[in-house]
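This report refers to the structure that appears directly beneath it.
Letters are used for the chains, namely A, B, C and D, taken in the order the chains are written, and counting of residues starts over at 1 for each.
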Amino acid sequence: MGKSKANPPKSPFQKGGLQLAPPFTKGGLGGISFYAAITWLILVLFCAASVGLWPFPFTVDQIDAEHFAALPGGAHLLGTDATGRDIVARLLFGARVSLTVGICAPLFGLGVGLLLGMPSGLYRGWTERTIMTLADVILAFPGLVFLLVFTSVLGPSLTTITLGLGLLISPRFVRVARANTIRFSEREFIQAARIGGAGDISIMLREILPNILGPLMAYTLVVAGFVIVAEGGLGFLGLSVPSPTPSWGGMIAAGRDVLEQTPPVAMIPTAVMFLTVLSINVIGDRLRGRYDRA
Amino acid sequence: MGGVGGGCLGRTMKEEKNFNNPLLRIEDLVVEFPASQGRTVHAVSGVSLDIRQNETLGLVGESGCGKSSLARAIMQIPPPTSGKVLIEGVDLTQLHGRKLKEVRGRFQMIFQDPASSLNPSRAVGESIAAPLLSLGGMNKAERRLRTREMMTAVGLNPELHYGRRAHQLSGGQCQRAGIARALITRPQLLVCDEPVSSLDVSVQAQILNLLRDIKESYGLAMLFIAHDLAVVKNICDRVAVMYLGRICEVAPCESLYATPAHPYTRALLDAVPRPDPGYPAPDSGMLPGERPSPLDPPRGCRFRTRCPRAADICSEIRAELRDIAPNHEVACHFPLDVRPENGGFDGR
Amino acid sequence: MTGPDQDLLVVGGLTVQLQTEQGPIRPVDSVSFTLEKGKTLAIVGESGSGKSMLCRAILGLVPARGNIRFDGRDTGKLTGREMNRIRGRDIGVVLQDPLSSLNPVMTISDQIIEPMRIHLGITRREGVERALYLLCSVGIPRPEERLGCYPHQLSGGMRQRVAIAIALACEPKLLIADEPTTALDVTVQAEILTLLARLQMERKMAIILVSHDLGVVAGCANNIAVMYAGRIVEQAPAAELFRRMRMPYTRALFDAIPRIEDPPQRRLPNIPDLPPNFAALPPGCRFAPRCPRAGERCRTEEPALVCDEDRNHRYACWFPV
Amino acid sequence: MRFIWSKITHLLLVVLAVTMLTFVMTDRLPADIAAEIAGHGASAAELAEVRERLGLNRPVLLRYATWIGGVCRGEFGKSLITEQPVSTALRSHLPVTLELLALSQLFALLLALPAGIISAWRSGSPLDRVTGTFAFGCASLPNYALAMGLVFLFALKLKLLPATGYTPLNAGIGANLKGFLLPALSIALVEWVTLMRVLRSDLIATLKEDFILLARCKGLPTWRILLVHALRPSCITFITVLGMQTASLIGGAVIIETVFALPGIGRLLVTAIFAQDFPVIQGGVLLITVSYVCINFLVDLCYAALDPRVRTGVTDG
């Protein structure tokens, strides 16, 4: 590949008036939305973590035979679902599933992405080809088939679902990590580090990682939102954690049967999931904005 | 690091029988890399050069002539395709891994683009100290002390600039930081790859003066790469002119500028702008045609396609470097007369 | 000899004010000058002195206060459409880095023909003919082979020639060249400067040449304006300026140039420190903190641009050289 | 040419790896298809006979080799349950998937292109913020929830469109489109956001380039700068995302197909997995992988068409 000359200095013409503001958040979804998002996430996290610790009038699979698909109010704060189970209880326990998957699967992907993406971006050549072929195989695999088979072979549980989703999304992390590594690996400071006696590992950890971690963290948040939605989708198809463990997706799906009579049964879990994913996206965008500008 | 230096020094003592004992000797260096469609870029094709202790050698040529590739081959990033790079008699191309790392501290480099040669996510001070960390042999306090000392030496304020990021510094300050990082291992050789090309005239003068000062105070030898002959004259003892991967002329500063022998050197000299409105505009007919591609360099003399003096022999036989005056070597079948009245600039 | 109908561009009190995170700044502050038809004005200054912003203000690309009369018309009163017409047809622009200023995904011919089709309304076929002629006149050998090329297939010098051809496409009356040779090799720089001088002779157009190097503009400018921190600090005809530099800043810029006539290893007199930050300008003369001649008055009172005994030489300094 | 060959071998490798992986993985599924087919209370001999007939007792890799051999001859096998040829099953489900895909990507493009261009051009303006906020909302909504919302609004309350069900094309194009409107919209309303955001951020980066400044200096009208000069160099990520979305829609619209009871490829596959109908799973996976690979190849060709620098390979002379 013809090595191009180092870029000449940018014209000072560029600096100045027409600066286009980077991402949405600057100003638009400003401070309030950001802090609201953080507050909501902390609330959900707290509820999910502590739900078993304080006394609660209903358990997740306790059927109230007098109230099937009840509207919010009365004994059941947010009503009951079609089989008469309390929605608040199910929401709180469902949060555990959604958040576990939403946190662990992206972190797993992030780990794999860094582990494979950085070397493939730094070494290029056959290392890169092998890793990228591997990533392509997983990307080409129909995701649902993969998850279905994966969970039926290992037995459907929260762990397998998390692991399955983590495996499914890791090639995307590999790609993002690789692209970002390549962006930096041609910069002169990498050469300077080599001249300073830094080895490959030290270059990856000290020079490249701090630069790509920011964009990758932002991407992790984007994926976290996606994974929560995807887990919900599995729950919607009845393929997520086995019943009676509730999941938000499963609750939305269950609400479909009584959609016409009692819309809240489906709407409430939808709203909770929506708010959670929205919060994650808002924070992710804020983070992305910071790294775009740098 | 001290131990390593001592060991190598002992080795050179043994080789003292070498009458001419250069610090850096490049022998028949070739750098090629693959291009698309199975072609090869001939970046550097057989270059031999010497740099003595405390000497500054200028390397001049247009962009794409292979001077940056040569610099990187000397630094072994990546090692050259073939040829030798000897520092005090030790062939760097034969060293790998740990062995190479042990001698890394003795030759350092500064880059053209000051901003991109500093890690944007690290504090400038940490970037400067990084080689000490990689090469080992110093504790944290010593490193910090040395870093502060180096920052002061290059005109940065350790209190003010240590924690800054690269984008918070000006181009000149970034270049100073790059110089500090290169000097922190106390190298004997400093390779400067167009260190002032992207700087303003005022900052360029600051950096040139700084380089001259540190050369004096640290007893450095330098390879100074540039495309502007006026800049090179300001800092170098000897100058090598490079065209399309080959050296055309090597001479001490005085004789090269007074009596350029290679037509290409002549053209480069004519192109330098004069800060004088009375001076006639440079003759643009000097270098007709386009520079050939390093993918497919001309046979014979590589400059012949643009040379006003080219004859048949130039396309047949490549002219080797030969002495035409003491220390003045030129690779040309028809060198320009080396009489001062034939276009010396000192006579004006 | 001079007169209103000889003047192509008259700029009066031009000020650009921008909002930044550090507060409002004025990268161009009350700049006035006159450019005659067919003449070259060089604007010289360090990076960050506001010279590029001045060009943008003249082109109407940034909001600016002050008067700009171009070819007898007040550009402040023009509509966006009329201003577009002036920008493309009457003023040509060449930028610093030809690789990034040419569109990487459009062919050379498309980029040359585009302004002609938009502003002159000529057909594609005519456009190709004129593009060939233009490429010839900027000294590109075998232009017919280059028409279908993309910018990355050309060398740096060729790219800048193409950029000049694009600027000349509509026969502009004024060419603004913003550091046209800074990204180029010295040899190519000489060629481009010679080319610009030749084109000016042939086409009788005026040129604004922006540079950070007094040496580059010495040979081709009629008038030189030196900018510092958003202001013109000295302006004079080229010969007069080089004969006698009144402002210490100009002198310092001039002395900092390494010269081929100098003995080797000459220590260059340089200007210490950096140009001031626009958000925190020093009181008094903006150059005072870096000026070797600065006195007490320089630090408190800002000198106005005054005329020397020779009417054409203006400078802003309390203690001129 | 070398570029294309290396691409093709890479893609073939991917197809082989994916299908083989499917074989190995489905082989490990816990349930026993033979018992299912032989019926309850079948004797061991009957089970063995079923296994023998279906070839289930042979090693996995051997079965894979046989299957690949068949694929090369154009034979995809027969469904174990319905005994229908797999190719017929795929052919009957494919048009639904394709129509859904085309419509939803069309809607997504219609939303994303103008929104992306305008919000990049006027980035930071109130318009950009409104678009951005709306996009945020859309991106945070699961498409199944969106689908249910649309059904609730348009089918149950307003009674404008059918809630579920598929009307074949030959029953009238109007009715057919009506059935696809809600599913396509539920996909598009989520997918357009990613498209819009990558287009917007790449366009903003392009608009800062020198050549855009030069275009402005040339006095070009704004629409020309945006559409002729800026759009093409900003399309690379956009095309990549579009390709990935399209590829994933071929097999991945299961949920929407389920909500709206559309007989598409995704539903066929899920049913087959539950029934352990190996030949159908294999056929479906093959179809999806090949389409993924082909779309990727097309995307690569698009890169070359969009950016001449990719075509010639060398960046600088």
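Just so we're on the same page, a contact is a pair of C-beta atoms (placed from the backbone, for glycine too) under 8 Å apart; a residue touches a chain by one contact, two chains touch by 3 or more.
Quick caveat, the model's predicted, so the values are computed rather than measured.
Separation of chain C from chain D in touch steps, taking the shortest path, is 1. For chain pairs A-B and B-C, the one joined by more C-beta pairs in contact is B-C. Annotation: 49 Å between the Cα-based centres of chain A and chain B. Computed from the mean C-alpha positions, the centre of chain B lies at a distance of 32 Å from the centre of chain C.
Centres computed as Cα averages put chain A at a distance of 51 Å from chain C.
Separating the CA-averaged centres of chain A and chain D is a span of 20 Å. Under the contact definition stated at the top, the residues of chain B that touch 2 or more other chains are 35-36, 63-64, 171, 295.
Residue positions 210, 213, 312-317 of chain D each touch two or more of the other chains.
The multi-chain contact residues of chain A, meaning those touching 2 or more other chains, are 1-3, 5, 8-9, 11, 13. Residues 33-36, 41, 43, 63-64, 68-69, 72, 75, 77, 101, 104-105, 108-109, 111-113, 116-122, 127, 130-131, 134-135, 167, 171, 178, 181-182, 185, 198, 295 of chain B touch chain A in their complex.
Across the complex, chain C meets chain D through its residues 59, 61, 83-89, 91, 93, 95-97, 100-106, 114-115, 118-119, 150, 152-155, 163, 166, 176.
Of all the residues in chain A, the ones that touch chain B in their complex are 1-3, 5-9, 187-189, 191-199, 202, 206-207, 210-211, 214, 294. By the touch criterion stated above, chain A contacts chain D in their complex at residues 1-5, 11, 13-14, 20-24, 26-29, 129, 133, 136-137, 139-146, 148-150, 152-153, 225, 229, 232-233, 236-237, 249, 252-253, 255-256, 259-260, 263, 266, 270, 273-274, 277-278, 281-282, 285, 292. Contacts from chain D toward chain C in the complex involve residues 209-211, 213-221, 224, 228-229, 232-233, 306-309, 312, 314-317.
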